[in-house]
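Order as written gives the chain letters A, B and C; numbering starts at 1 within each chain.
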Amino acid sequence: MTLSQDLSSEVPVLDVRNLCTRFFTEAGVGKAVEDLSLCLRRGEILGLVGESGSGKTVAGFSLMGLIDPPGRVVSGQVLFEGVDLTALNERALRKLRGNRIAMIFQDPMMTLNPVLTIGTQMIETLRAHRRISRAEAWSRARDGLARVGIAAPEERLAAYPHQLSGGMRQRVAIAIALLNEPSLIIADEPTTALDVTIQAQILAEVQRLCRETGTALIWVTHDLAVVSGLADRIAVMYAGRLVEEGRTEAIIEQPLHPYTRGLIASVPSRNLRGERLRQIPGMTPSLMSLPEGCAFAPRCDRASEACRARAPVMETPASGRMVRCFHPLTAPEDRS
Amino acid sequence: MQRLWRQFRQSPVALISLAVLVAIIAAAVLAPLLAPQNPYDLRQIDVLDGTLPPGSQSLTGMTYLLGTDGQGRDMLSAILYGLRISIGVSATATIIALAIGMTLGMMAAYLGGRVDAVIMRLVDLQLSFPSMLIALILLALLGRGVDKVIVALVTVQWAYYARTVRGAALVERGKEYIEAAKCLRLSTPRIVFSHLMPNCLPPLIVVAMVQIAHAISLEATLSFLGVGVPVTQPSLGMLISNGFDFMMSGKYWISFFPGIALVVTVMSINLVGDRLRDLGNPRLNR
Amino acid sequence: MFVHILTRLFQSLVTMAAMAVLVFVGVFAIGNPVDLLINPEADQAEMAAAIARLGLDQPMWRQFLSFVSGLLQGNLGTSFVHNAPALGLILERMPATFELALLAMIFAIVIGVPAGLVAGLYPERLVGRGIMGASILGFSLPTFWVGLMLIMVFAVWLGWLPSTGRGETRSLFGIEFSFLTLDGLRHMFLPALNLAIFKVSLVTRLARAGTREVLLQDYVKFARAKGLSPARVIFVHVLKNMMIPVVTVIGLEFGSVMAFAVVTESIFAWPGMGKLLIESITRLDRPVIVAYLMLTVLLFVTINLIVDLVYSVFDPRVRLSESS
């Protein structure tokens, strides 16, 4: 008994190894996620940061096994509590989805079914995974709503989604994700579509809930400022690849990859008043036609011939830090 | 235009349909040359040859590929002549309806205000009743005749064109080139006819394809019910109607073959129209 | 909601009034009412008497007033052929047409919705393409010809089903219905199927388009992410949303089915109001035609009204935006 408990505390909740997801379209093959490796322990919060089109949303769906044709996970492993999800059949995956692994989507206006009541949509999530009576499911759903700070949860259960505000709907979506007490939640930019004040409330709420329940969380976002206050660790994605990963403070204080530095510099609050906002020159490349070598090279001021010739691999310059760059920054740059 | 053709070609179904459609129109136009006999020349038909099954030979040695009807008419010839009438009537009605609908739709879009309101109320009213019923009642009040069938077909069609043109014209009107033309002080008719009209054509053609198929079907139905074209000008619908009485005794060919001709015609028009609509829909082009 | 009903009711009344004026203009101003309303076989003296009785010698506005007051009293003229009130004749035949149209609609839903759902779920597969091909065929087949072929195959060659008449009827609320007896149902089967073919194609296409649209929505992916079974995702999350446009159109099409019953009824000798209309047209029984027209207008306006109201109950978004 003690042995298995010890083992389970050592086995990470999620261990992704060299995951590749590609889209096979008429226009060509899109390498949406390339060689992605991640590791998450119990209760840990990981911020997965990248610009739109960097493959971070596809990465989230790949973990859930929810990639639809023409897309497909072509290689790699997703070890969830030691079990490889890519080797499971649809039926076994379904038992995990919404139960052990839950997901929160970007746009709360679109994620709830408009013709079903909140109650129906919560109860079906519970009853898909456990044999409980309708009455018990109902009371659990009510408690679930109360937990995410929704007032008068009993009335809300009878309501239709359009009767609730956007922030309220996202709280419902979070409540649905938490219903079956999963060990991992993947949240895909869940606050982007909301007002700033509500965004802050929801962030605080989610952080509290994950700490309380010991749920691991992957928070996918394009907004570095949001995750810097939330996540334990940050992983930065660029053009389908992870370019840098490490503890949040380390990454913010001392980015190693030129792209990460660019991201940090373009966050408005980090710039002095009156100074021009820094931008990363150039545009995100299309995943259909990635350049040879490092995908960031065309936009990088440190790029050399080597960068254009072949792609760098992930390296571990210091403990707990990883970077995919031939010319990593070694010391914090002076910001003159 | 060439780009459109290249895209159109990519669908084998649409391409075959187009070929069939061209063949049918050619057969209808050239009916007097192609038909083995003139089914309305009484000297060429013999009642003794009545209701012969397909493949039979006449007393004079001619083969009736599709059999004969009650009066001894060669069905193949009757179908070719019937196609001529069916397509002729429907095409004429469609062209007239197109002209009326375009004019009214353009007026509604360009003049706006009360003119728009009156025309569009009329369109709504018209479209809220099934075309079949409107045509039937009109013909009941007017009596039979080719001209009356055309009037009925025009009446049930114009509203679709008016609505389509108005919709397209309202979108186009807001665009910059119309503003530019207005700034150049071009006359209203000139703006409407040489600038607005050509840009409203693509959606109109798609609607016209659907409507002409509908008109052929409707004309056949009306003639079948005995309120359409007169007996002297038998369209496909009337041929089918003539065969109704013989069917109970198992003589299927008199109704069957004209029906097949009708179905193939309508279906090929629908398939070509479907393809054109898909091409015109930018959402599906991706 | 209440205001909404009132506005729609008012709009319906305006439509009715507009149609009454149109019919009046058609019959009295453009057409020759003597031809239209008086039995053409009458002699001179009868003709003159009838003109006086119908008030056709009166000025136009007088005639319009009497036409309208006749309408309001439900007096739509007297049939020459049957020598009975035209309205009564039509109402007598209405249940037969109604039950036929209803069965046809049931066919359309029972066949069209599953077919459209399958075609929408597998648009690239053979089954999806096949269903769409069949639906284009269904659109292109002329109703009357299909009717003939159905009779030929099932009644003449195979002899499985009867092809004429209503069969045995049974009384319900004092009205005779065929669907209450087995024989009546057997008689209804072919004509209802014939009447349904066009609508099956229509419902299939709508259901397919709806399914494809709904499948792309985030809430479907969210439902899958919740670990729901495919059956629950398709039959609850997809189907419920997809049915909204289908239900609306089915309601609106009910009138058109009643109208197309004219064709089916005359082929299958089904004694409904459509067959009566055709008989009246061929026998020049004009009062019945005018009465049929006015009744149909009323029917359509009512259907449009009901569909609009039902729609606002069906779709929670419409229902609540009205009340707030």
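Here is the rule we go by: a residue touches a chain if its C-beta (ideal position, glycine included) is under 8 Å from a C-beta of that chain, and two chains touch if they have at least 3 such contacts.
Model, not experiment: these values are computed from the prediction.
Novice: Just grab the chain with the largest centre-to-centre distance to subunit B, centres being mean Cα coordinates.
Specialist: Looking at centroid distances, A is the chain farthest away.
Novice: Specify the chain with the shortest distance from its C-alpha centroid to the centroid of every protein C-alpha atom present.
Specialist: C
Novice: State, to the nearest whole Å, the distance from the C-alpha centre of subunit B to the C-alpha centre of subunit C.
Specialist: 24
Novice: Measuring centre to centre with CA averages, how many angstrom lie between subunit A and subunit B?
Specialist: That pair's centroid distance is 57 Å.
Novice: When the C-alpha atoms of subunit A and subunit C are each averaged to a single point, how far apart are the two points in Å?
Specialist: Comparing mean C-alpha positions, subunit C is 54 Å from subunit A.
Novice: By the touch rule stated above, which residues of subunit C touch at least two different other chains?
Specialist: Residues of subunit C never touch two or more of the other chains.
Novice: Applying the document's contact rule, which stretches of subunit C touch subunit B when the two form their complex?
Specialist: Against subunit B, subunit C makes touches at 15, 18-19, 26-27, 31, 36, 136-137, 139-145, 148-149, 151-152, 156-157, 255-256, 259-260, 262-263, 266-267, 277-278, 280-282, 286, 289, 292-293, 296-297, 300, 304.
Novice: So in the complex, the part of subunit C that touches subunit A is made up of which residues?
Specialist: Within the complex, subunit C contacts subunit A at residues 217-219, 221-229, 232, 236-237, 240-241, 244, 315-317, 320.
Novice: Residues of subunit B touching subunit C in their complex?
Specialist: Subunit B residues touching subunit C: 125, 128-130, 132-133, 136-137, 139-141, 213, 217, 220-221, 224-227, 237, 240, 243-244, 247-248, 250, 252, 255-256, 259, 262-263, 266-267, 270-271, 274.
Novice: Okay, in this complex, where on subunit A does subunit C touch?
Specialist: 64, 66, 94-99, 102-103, 105-107, 110-116, 124-125, 128-129, 160, 162-163, 173, 176
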